[in-house]
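Chain lettering (A, B, C, D and E) follows the sequence in which the chains are written, and residue indices restart at 1 in each chain.
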Amino acid sequence: ENPVLKIGFVGVTSGPAAAWGISNQRSMETRAAWINETGGYEIGGVTYDIEIVSFDDQKDPKRAIAGMEKMAQEGIHYVVGPNVDDGAAAVRPVAEANDIMYFPYAFPRELYSAPASNAVLSMIANYQSGPAIYKHLMENEGVKTVAFIAANESDPLSQRDSGVAAAKELGLEVVSDNVTYQVDTTDFTPVLTPILRTRPDLLVLSGVSPANAPQLIRSARELGFEGLISTETAQDAGVLAEGAGDLANGFISVGGASTPELASPMMNEFVERYTAMFGEYNDESNTKVYALEYILETLKATPEAIEDVAAFQASMDDFSAPNPYMNGDEQLTYVGMTSFGQKRQIAVPLVVNVYQDGAFETMFIARVD
Amino acid sequence: MEQVMANGVYLGSQYAMIALGLTLIFALMNVLNFAHGQMYVIGGFVTYTFYGQWGVPFVLALFMSCMTLAIIGALIERYLFAPVIKGSAREESTMLLAAGIAFLLDALILLIFGEKQRGVPKIVDGVFNWDFRLIMPYDRILICVLAILSIVAFIALMQYSKTGRALRALAQDRTAAQLMGVNVDRYSMIGFALGAMLAGLVGGLLVTITGVNLGMGGPTSIKAFMMVMIGGAGVISGAIWGGFILGFMEAFGLAYLSQYGDITYLLIFVSLMIFLAIRPQGLMGKPWG
Amino acid sequence: MTAMLDFKDVELYYDHVYALKGVSLTVNKGETIALIGANGAGKSSILRAITGLAKPAKGSVSFEGERVDGTDPSDIVKRGIAMVPEGRRVFPYMSVKDNLMMGAFTRSDKSEIQDTLDSILTRFPRLKERYSQASGTLSGGEQQMMVIGRALMAKPKLLLLDEPSLGIAPKLVQDIARSIVAINRDEGVSVLLVEQNSRMALSISHRAYAMATGNVVIEGNSKDLLHDDRIKAAYLGGEV
Amino acid sequence: MSALLQVKDVTKKYGGLIANNAISFDVAENEILSVIGPNGAGKSTLFKMISSFTPTSSGEVLYRGERISNLKPHIVARKGVVRTFQETTIFKSMTVRESVVVAQHLRAKASLAGYFWGSKVAHDDITAFEKYADELLEFLGMSEISAEQASNLPQGSLRALGIAIGLATDPKVLLLDEPFAGMNHDETMRMVDLVRSVRDERGVTVMLVEHDMPAVMTISDRIVVLNFGEKIAEGTPSEIQNNEKVIEAYLGSADDEIGM
Amino acid sequence: MNFSKIQILGVLVFLAVVFVGVPVFIAATGRWDFYFTLTSVALLAIASAGVWLTFYIGRINIGQGAFALVGAYVSAILVVKAGWSFWISLPAAGLFAALVAVLIGLPILRLRGVYFAMITLVLTQVATLTALALPITNGAKGITNIPLPGGISIFGITLIPDFSTLENARMAFYFTAIILMIITYAALYRLVNSRLGHLCRSMQQNEELASSIGVNITYIRILIFAISSFFGGVGGAMFGSISQSVYPATFVVKDSVDFMLNCFLGGLGYVFGPMLGTLVLYFGWDLLFEFGKYQMLIYATLLILIIRFLPNGLLSLRFGKGGGK
C-alpha cells in the first residue's frame, strides 16, 4: 500500500453557489482517483496515493475558517479554495499560522500581494482577462461602447469595478456601470431594460454565476439586444444550451482548455473519467483541473515541500513543467508579477471561448504574466 | 411605461402564486413555512425532469410536479408538523421544524438533481413586440395568463367549494371547525398539501422561463414572506395584493432607480418597514382576534 | 326506552388534573337537560367528552346505542350531535351565511339544507338582516344566535349548549331561552344545556344535573330542583 | 361629594360606526358605578378610552381634574386608573401568585438596575411583594390555587385572577369589564361582597360593566346605561330598574315567563 | 438571589470544563481545530443569547445577523481607519449596534408574531445591502487586513497580551470568547431573574395586560432589543477580529436563522438553552464532516428528529431541575 498524500479543498459545495465548489471538488476527486488507479504519484522517490479531503464552507466565512483549521488538523499543507472573496480573506490568518498554501478562486489583490504569502490565485482574475477580451473585441469587432451589469454581491461587484476601470483604461466608452440585480432575480427584463437603452456594443456580465448567465442572455436577446455579451468567469455549455438555447450563440466567456483544438488527449480522458464518475461533466471544471496539478507538479519538483511550505514558496519563482492538458508545448508556471508583485498565481492559459450551438469554440488565447 | 406595467403584472402574478401557498399554510397551521422556497424549487426540478429530460408533454409534467409536491406536503404535515404542533409548548417550535425541513429539502435537491442550473425547451417561441414600447416573449405572456388563471381557480376553490369552506373554517377556528364535522387532521393535511402544491405549480410554470437551480429556494421564501407581510399574514386576498404590490414595486424601482445602483431593494425593504410600522397587520391583516 | 345519550362512569383528566371523576348522565329523546354547577366543576368537560374534543380516560359514551368515545369529533358530529361551544367561536372572517353553511358541513342534500336555513332565518330574523356581514363584527348577542343557528344547520338530534347566556344582555337571554324551548318543542331536538344562569336553565329544562368538582351531586326533575333547598342555596340565591 | 373621575363628551368613532356618542358622567370617590347596556352598546369601548387603551375621537376623561384620555395605558395605570379585560386576559404560563407579584411592579422602589445588581432595596421590594401577594390572595379566597398555572384555571377563577391582578397594582380606580361572567349565583355573590370590601377597606373606586342584573343591582351605587353608543339613563339601581327606556332596550320584562 | 448547591456546583463544573478541561483535552488529543470551533460556538452563543432575550419579550428575532454585521464593521472601522484599540472598539461596536437597534426598534417593535419575525429577516438583508452600498464599509471590497487585537497593560503589568506576538492566538481567542460568553450569560441570567425579567415575561405572555398594570411596554421592548443587539454587536466584532476581515456577507440571513434555531433547539424556556443549542448545531455540523456529501442530509435529518421528539428544545430533557448549566 502506498502512503497517502492528502490535499485539501475548502469551498462551497452546497447552497446557491454549489456549482463553483462542486466543480472544484469533482475535478480533484476525478484526478486523484485516476492517479491512484494508475499506481499513484511519485514524489521524491516515494509513490503516494492522493486523497482529497474536502470541506463544505457553505459560502460562509466562519465555516471557511473552521474548514481551514480542520485542514491544519489533518496535517494538510496544500488546500484548494475557497471560492469567494470573503472566505478567502477570512482563512488567511489560519493558513499563514499553520503553514498552509491555499489556492483560492477569488480575486482580492491583497491576498496575493506581499506581505500575504500563502495564497495562490488559481485562475485568471477578471482584471487580467477583462482587458484582454475588451481589447480583442475592440480590435476585431469594432466595439466602442460597453455596459456592465453585476449581481449585488461582493464578488461580482468587485469584478465589475475592476472591469470598468480596465475598459476605461483601454479607451472604451462605459455607457452603464451601475445596474445591479439580486442573485435571486427570476425576471431580468426590468433589470436589463434601462441598461439596453444605452445601446452598448458590448454587455459585460461581471462575475455572473452559471445560474444567472443563461437567463440574462435570454432576456437581453428577447428584448432585442444585438450587441456582444461576454463574461470573465467560466461557464458550462450544457447549462447555456438548456437555459438560453440558440440565444446564447456568440456569448463570450473564459474557459479552461477543453475546446477540441486545445485539449490534449489527457484533457479528453479527464473529461471522460469525470463524466463516468459523476454522471455529467461540467465545463467549469476545465479551469479547475489545474490547481491540483500545480500542487503535485511543484511537489514533484521540490519533494521537501511536502512538509515544508517555505520550500514550496521558494520554488515557485522558477518552477516550470509541461502542461499536460493542452496540446503543444504549453508550460505550467507561476506568474503574477504584474498584478501582485510576486509570483502568486498559476499560469493557466487565458482561453477565451465563444459559445456556439451547444459547445465552446476558442476565440483566442492569451497569457498572463 | 407600458413595459413597466407589463413587467409588474408578470412579476406580480408569479409572486402572488408563491405567496398564496405560503399564506394558506400559515393560516391553517400557524406555521411559517421556511421550506416553501425549496418546495418551489422541487416543483421546477420535477417539471424539468419530466418535460426537459424525458420529453413528457408540458402539461403532464406540470401535473406531476403538482402531485409530487402535494404528496410531499401531505407527508410532511402528517408525520412532522402535526405531531410537533401537538407536542410543543410553544407554537414557534414549528419554525425550527420548518427550517430543518428547508435544510433537508436543500440537501435532497442537491443529491438528486445536482448543483447545475437547469432549463427546459421553450413552450412557445417568439416575442411580442409592440414597437419596442412593450416587449414580452409569448411564453411569458402564456405563463402570466396561466398564473392568473390558477389564482382565480384557487380563489374559486376556497370560496365556493366545500373543501375551501372547510379550510377557511379551519384557519379561523380549529375547534369550531371540528364541531362542524370537519375532520381537522385530514383537512390540515389537505391544506398543507394544497399549499405545497401551489409552490410546485409555480415552480413548474416558471422553470420554462427562468430555469431552476438549488439556490433559488431560500431567497424565494424570503420574498414570499415579504409579500405575505405586505398583504397580511394568513389572508388570501392579502397574499395576492402583496404579490402584485411587490411585483410592481420591483418593476418600477428597477426601471426608474437603476441609475442609482443598488438601492431598489434597499428602498423596497425600507418602505416595507415604514409601511408595517404604520400598519402592523399588513393591508388585509386581521383587525380582530 | 333506552337513552339517546348514555354517558357512563366517565373519568377525564388534563395533564394529570382530574376534571371528571366518574360522571354518569343520560339524555332521552326529546328531553332538555340542564347541567349546572360551580366553576370548574367539569360541565364543559362533559360536553367536550361527548363530542370527542376530549378523550375520556375511563368510562363510555354511547349515542343511540353505539359507543362513540374514542372516535374523531367529526364522526360524532355526523351522527347527529351538534355543539355550541364555550365562548361562541364564530368564524370571524366568514359572513353569517357562510357560518351557517359551515353548520351544514356534514350534510349534502342542497334543498334540505336550504329548508333548514330558511327555518333558522325565520327563527332569528336578526340574522337575516346581517346575512352577509362578517360575523366577527356582530355583537355578542347576535353571535350567540348565529352559533345556535349554525348548530341547528346540522339538523342535530342532540344539541349541546355551553353557557349560551354568557355575556349576553338580559333581554337577549330571554330570547335565547325562548329559542331553546322552541327548538326542543317544535323540532324535537334533544338539548343538553350547560348554564351558570341556573334559574333560567332549570325553568326551561325537563331534568337537571348539578355538579361539583368532577362529580354529579344532585340530579332530578327540574321543577323539583327549582324548589330544592340545596339547589336554592348553592345556585339560585334568594330573590331575583 | 366631588367627582373623582369625569367623563366629558366622550365620543368614539370606528369608521362610520359611532361606538360612543358624547357620553358624559361623573364618578365620585369611593363609589361603585356600573355601566350596563345591550351587547355592542359601547361599554367596553368606553372603558378602553378611560384607561387610554384607545384614544377618544373627541371629548376627554379627567381624573382628579387631570386629563387621562389619549395617553399611554401604562401612564394612566401609574396614575391609579386600572382596568381588567372583558376577555379572559391573563399571563398564561405564570402561576397565580407570580401574576400577582408581577402586577405590583408599580410599587417597586428600586430601579431596574438595582434589581439587576441585587440591591438591598430590591430585595426588600421582593419580600414585600410576595407578602402582599399572599395577603391579597387570602383576601380574595384564592390561596388554594395560588400555585396553579393560570392557563389551567376554570373560567370563574380566571375572572377572579383578572381582578386580583388589577388589585395588585394598588389602583385608585378599578375598571372591571364583566367580572362576574361565567360565575354562578353563589360565586357571583361572593365576588360582589369582595368588590364591596375592596371599596370599603382599600378605598378603591370601582366602575364595572356587567350583564348579571342581580349582581349589578346589589352592588352598584349608581348605574349608567348605554344603548347604541348613547347614554340613555343614569341613576340609582331602583331608578334604573323601573326606567321604561332601560326595560325596553335592555332588561326586558321580568315577568315575561319562559317555562316548559 | 440564593443559589442552590447544585447550581453552584454546576457553574463550577462548567468553569472547570471550559478553562481547564478543554485545553487539556485539546493538548492531549492534538485536536487544535477544536479551539476555533469552540471559539465560534462561544461567539455565536453570545449573539444567540440576544435572540433568546428578544424572545423573552415575545418577539421572534431573525435579525441578529444584521447587528452582528454592524458590530463587525464598527469594530473593523474603528480599528483600521481610526486606529482604536480593539478592546475599546469591542464595547463601542456593541453600543453602536444597540443604538441602531433603538432607532430601528422604535417602529418595528410594534409588530408582533410572524410580522416581527419576517421584518427582522428582511433587516438582515438590509444590513448586507447597506454594507454593499456605503463608502465607509468599503462596499463590496470589505475591510481586510484587520490587525489582531493589541495588548493592554497598566503600569507595565500586561493585562492582555498583544495577540500578534502570541505563539498561539487561537487559544487567546478561545479564552477571550469564553470569558465574554460567561459574562454574557451571567448578565442574562441575572436579568431574567430580576424584575426586568419578570416584566419581560409578563410582556411575552400578554402585552395588553402588562400595560394595564403599568408596564411601559414600549420602553422595555426597546431596552431589551438594544441589549439583545449589543450582544449581537459584540459577537460580530469579535468574529471580525478573528478572521481579520469583514465583508457584507460575513453575516447573512442564514446566520440570523441559525441564531434563532440555536435558541429554539436549546429550548426557549431555559436561559442556557441558546448556549447548548449553539454548541449542538455548530459542533454537530462539524462532527458530521466525515460524511462528505451526505453531511447536510444527515445534519438536517438529525435536526428534524430532535424537533420531532423534543419539540420544546434539548433542555426539556432535563437532568435534574435547576442545574447551573
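We adopt the following convention: a contact is a pair of C-beta atoms (placed from the backbone, for glycine too) under 8 Å apart; a residue touches a chain by one contact, two chains touch by 3 or more.
Here the structure is a predicted model, which means the values were calculated and not measured.
> Under the touch criterion given at the top, what is the topological distance in steps from subunit A to subunit B?
1
> Which chain's centre, taken as the mean of its Cα atoms, is farthest from the centre of subunit C?
Checked the centroid distances; the maximum from subunit C is A.
> When B-E is set beside A-E, which has more C-beta pairs in contact?
B-E
> Averaging only over C-alpha atoms, locate the centres of subunit C and subunit E and give their separation in whole Å.
Chain centres of subunit C and subunit E, defined by C-alpha means, are spaced 53 Å apart.
> I'd like to verify one number: the distance from the centre of subunit C to the centre of subunit D, where each centre is the average of its C-alpha atoms, in whole angstrom.
Going by mean C-alpha positions, subunit C sits 30 Å from subunit D.
> State, to the nearest whole Å, the distance from the C-alpha centre of subunit A to the C-alpha centre of subunit D.
So the centroids are 72 Å from each other.
> Calculate how many whole Å lie between the centre of subunit D and the centre of subunit E, each centre taken as the average of the chain's C-alpha atoms.
Distance between chain centres, rounded to whole Å: 43 Å.
> I need the residues of subunit A touching at least two other chains; which ones are they?
In subunit A, the residues touching two or more other chains are 13-14, 152.
> Quick one: which residues in subunit B touch 2 or more of the other chains?
As it turns out, subunit B has residues touching two or more other chains at 106-107, 110, 218, 261-262, 265.
> At least two partner chains per residue is the criterion; list those residues in subunit C.
none
> Under the stated touch criterion, can you name all the chain pairs that qualify?
Applying the touch rule to all chain pairs gives A-B, A-E, B-C, B-E, C-D, D-E.
> Give every residue of subunit D touching subunit C within the complex, in rising order.
These residues of subunit D touch subunit C: 37-40, 86, 152-157, 178, 181-187, 189, 211, 213-214, 249-252, 254, 256, 258-260.
> Under the definition above, what is the set of subunit E residues touching subunit D in their complex?
The touching residues are 1, 190-191, 194-196, 198-199, 201-202, 205-206, 208-209, 211-218.
> Hey, which residues of subunit E end up touching subunit B in the complex?
55, 60, 104, 107-108, 110-115, 117-119, 121-123, 125-126, 129-130, 132-133, 253-254, 257, 260-261, 264-265, 268-269, 293-294, 296-297, 299-301, 303-304, 307-308, 311-313
> Can you name the residues of subunit E that touch subunit A in the complex?
Within the complex, subunit E contacts subunit A at residues 30-33, 35-37, 40, 44, 129, 132, 139-142, 144-145, 148, 169-170, 239, 242-245, 247-250, 252, 254-255, 285-286, 289, 292-293, 295-296.
> Subunit E touches which residues of subunit B in the complex?
Its residues touching subunit E are 26, 32, 34, 80, 83-84, 87-90, 92-93, 95-97, 99-101, 103-104, 106-108, 110-111, 218, 222, 225-226, 228-229, 233, 261-263, 265-266, 269-270, 272-274, 276-277, 280-282.
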